[in-house]
Amino acid sequence: MLLAVCFTLATSLQLREAKRNNPIQSNNVFKLLLGEGRRLFAHEFYVMADVYFHSGYYPSIFDKQENQPAVMAAVRGESDNDEDTTNVDFFGAPKDWIDTFGWKFRLDQHTHLSNGEEREILPWLQLAADMDPQMVQTYTVAAFWLRTSLHNPKEAEAFLREGLRNNPDNCEILFELGRLYNEDYHDANRARNVWLAALRYWRAQSDDAQKSVENKRLCDAILVDLANLEENAGNWLQAIEYFKMAKPMSPNPDAIQKRIDEARQKLAEQPPAINTPPH
Amino acid sequence: MNTIWALAGVVIKELYRRKDFYVLFVLTAVITIAAGMVHFFNDPQIVNYLKAVCVLLISISALIITIVMAARQLPAERESRTIFPLLAKPVTRAQVILGKFFGCWLASGIALLFFYFFFAVVIGTHEQSWPILNYLQSFWLQWAMLGVVTAMVLLGSVIFTAPSSNVTICFIVIVGILLLGRHLNVVALHHSEPLRGVIYTIYFLIPHLEWFDVRDRLTYNWPLAPWMDCMLATLYAAAYAGLFLLLTWLGFRRKSL
Amino acid sequence: MDAILRTENLCVEYRTHGLRLEITPALKELNLSVRAGEVFGFLGPNGAGKTTTINVLLGFIPPTSGTAYLFGIDVRQPIARQRIGYLPEMTYYYKFLTGEELLRFYAKIFGLPRLEADKRIDEVLKLVELEQARKHFIKTYSKGMQQRVGLAQALINDPDLLILDEPTSGLDPLGRMKVREIIQRLKNEGKTVFFSSHELGEVETVCDRVAIIDQGGLKAVGRVSDLVARHGTNLEKAFLDIIGYQPQSTP
């Protein structure tokens, strides 16, 4: 009875405190029940999504971990070459006859889900988002696969908007939303507005936050996509401006410079009346 | 053999007349059906998570049923004094052990069969496919593993006085083997002697029950494991079960009633 | 006549390992012989060694020294128990079985074919008057019913030797009478009955011979009438005299 009373008091006081401090976060029942421990579960569910993406062929904490970041890029859809990552060996050669025989029953091929099978990772991403609504990559990864492989942009948009409700002004989610509008709805204006908003919020971050490698890549991606949008619309000047902004952020500035040169070439070939001033 | 099958029959009757099996089955069914009613992103074709949940529940339930049932056999015979009218018949202690073993193993197999049938029905309605051979292979390997578990727990019931201690210790050992068994050789490499030697000894002595855990193959739709390897694994399980039963007999025949 | 039950210099010692090894002698060179067809009473005060003797005969505990035989076969061989029936003092059976299932289980152990087992089950259930309760679970049986199903399982293989440990323990007078009737019937059929009991009145009524054991040693063996004639006016007085009981003098 004492335990029940303590538990009831703890949850009700927690609820009041959370409502007072942060109205957005207080609605999460998992936060109520598990406290900050839910973030551990969220992380584990996110890893489960990766496990499912690899059809179960996945290293444990005892196996090779050094290749994991590169391989986890695959579940985010960031790998350029699927074959390169599927050649990664997590486990090394068997160490003894027990290991050798055990491999007869274990999953022994590094594969990635494809052809719509990526849907199998979605429940774990949903659960991860439920556990930790501030885990932004669950929204962006799920939306990516929903719209690209599963051709379900509506669900992707709904999930991204849910992510935005839980993480207002988040650049990554806005960026992914912009890609959805551009690539799936072919709504360039909406995509532009969303990407510009993402850029604004990116610039509002602290200097230290802007200096991180991942943040720089995000900014680079936003600017490059904006530039591509302007290129498609024939707004070469604007495109060049965006490429110039992207160049210091890019891991491949030579490629950006090449795009700038190409855009200048196109600009030079255009008649003067078409060139709109950059905004 | 009549005596052994007679004893086994009594154990099987005990399984379906006690409530343990029904409680676990209903729990598994309720959780699985509830999980199956959730549609993530309105996509009814997502099914692997349901398979994972269901086979995990099946594995846990089967382990619970087997361990609790086997741990109860010999102590219950002594406590309830049913061992006396039994051994007053032309029955040896070895036959009692074998009868209990086969009874528990067959009973756990029957329970597992029910669970797998439920799994096949639920997943089949979602996936619209029934890879029967995959289910059979998984069932067979899991049942072979439960044979080792049964023998291990029977041995524990001769060593430990209280069934509760036996259940707890066996659970810890079995779950430890399933989760960590295949990694011990890697762990050993990270230590120096003499600890490395100890870990390696444990690694080579324990029955590698993780071989028989092919849930991932079911969940991720992998093809069948080679049948010859399944046969070898079955022989491995039989050898370990035989060893544990021999040790049980050596302990039981000296034990006072 | 050959003895159906025989012990030769049977010794049993219990060893307890505490701070030092303690040896408690439970049986001291017991020599017993029971002939075919007789009803043999095995008497003694509590802790005399009666249950220990029965445990040795049934193979539950090994003798420290000496031997025991049933039908000329060493009791350590399981086959020695093929033709015996045993009713333990405390009657506990598998509660989740019905009376009929329990008997069928034991019949299977004895290797009785199905048809013969069915016939035998019907006979013994009728004998112990449990026909109405055959399909009921044993956990629903009263103490008396459990004792009777115990007797039924002891008789399932139509044994030539019946070993009964306190067969009337816990029974009401009607139950005790029924047990006496069954023992008498078995005797009439030429069966041998070996039973231990504290109910000296019953022993006096049914037994041909009795043995009295005290502190692990055999004190007397013979016909009831001979013991009574030698030691007292009735079996109780003879028993007390044989075990050397001295009543305390009242002040």
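Just a few scattered comments:
Note that the chains are named A, B and C in the order they appear, and that numbering of residues resets to 1 at the start of each chain.
Quick note on the criterion: a contact is a pair of C-beta atoms (placed from the backbone, for glycine too) under 8 Å apart; a residue touches a chain by one contact, two chains touch by 3 or more.
The shown structure was predicted, so the numbers you read here are calculated from the model rather than taken from an experiment.
Overall, the chain located most centrally, as judged by its C-alpha mean against the mean of all protein C-alpha atoms, is B. Averaging C-alpha coordinates per chain and comparing to chain C, the farthest chain turns out to be A. With each centre defined as the average position of its C-alpha atoms, the distance from chain B to chain C rounds to 41 Å.
In terms of their C-alpha centroids, the spacing between chain A and chain C amounts to 81 Å. Residue positions of chain B touching 2 or more other chains: there are none.
Within the complex formed with chain B, the residues of chain A that make contact are 52, 55-56, 60, 62-63, 95-96, 98-99, 101-102, 104-107, 119-120, 122-124, 126, 142, 146, 150, 152, 155, 159. Interface residues of chain B, counted against chain A in their complex, comprise 38, 40-43, 45-49, 141, 182-183, 185-187, 203-204, 208, 210-214, 216-217, 219-222, 225-226, 229, 232-233.
Those residues of chain B lying in contact with chain C across their complex are 2-3, 5-6, 9-10, 13-14, 17-18, 80-82, 84-92, 256-257. Those residues of chain C that touch chain B in the shared complex are 58-61, 78-82, 84, 86, 88, 90, 92-97, 101, 105-106, 108-111, 150, 153-154, 163.
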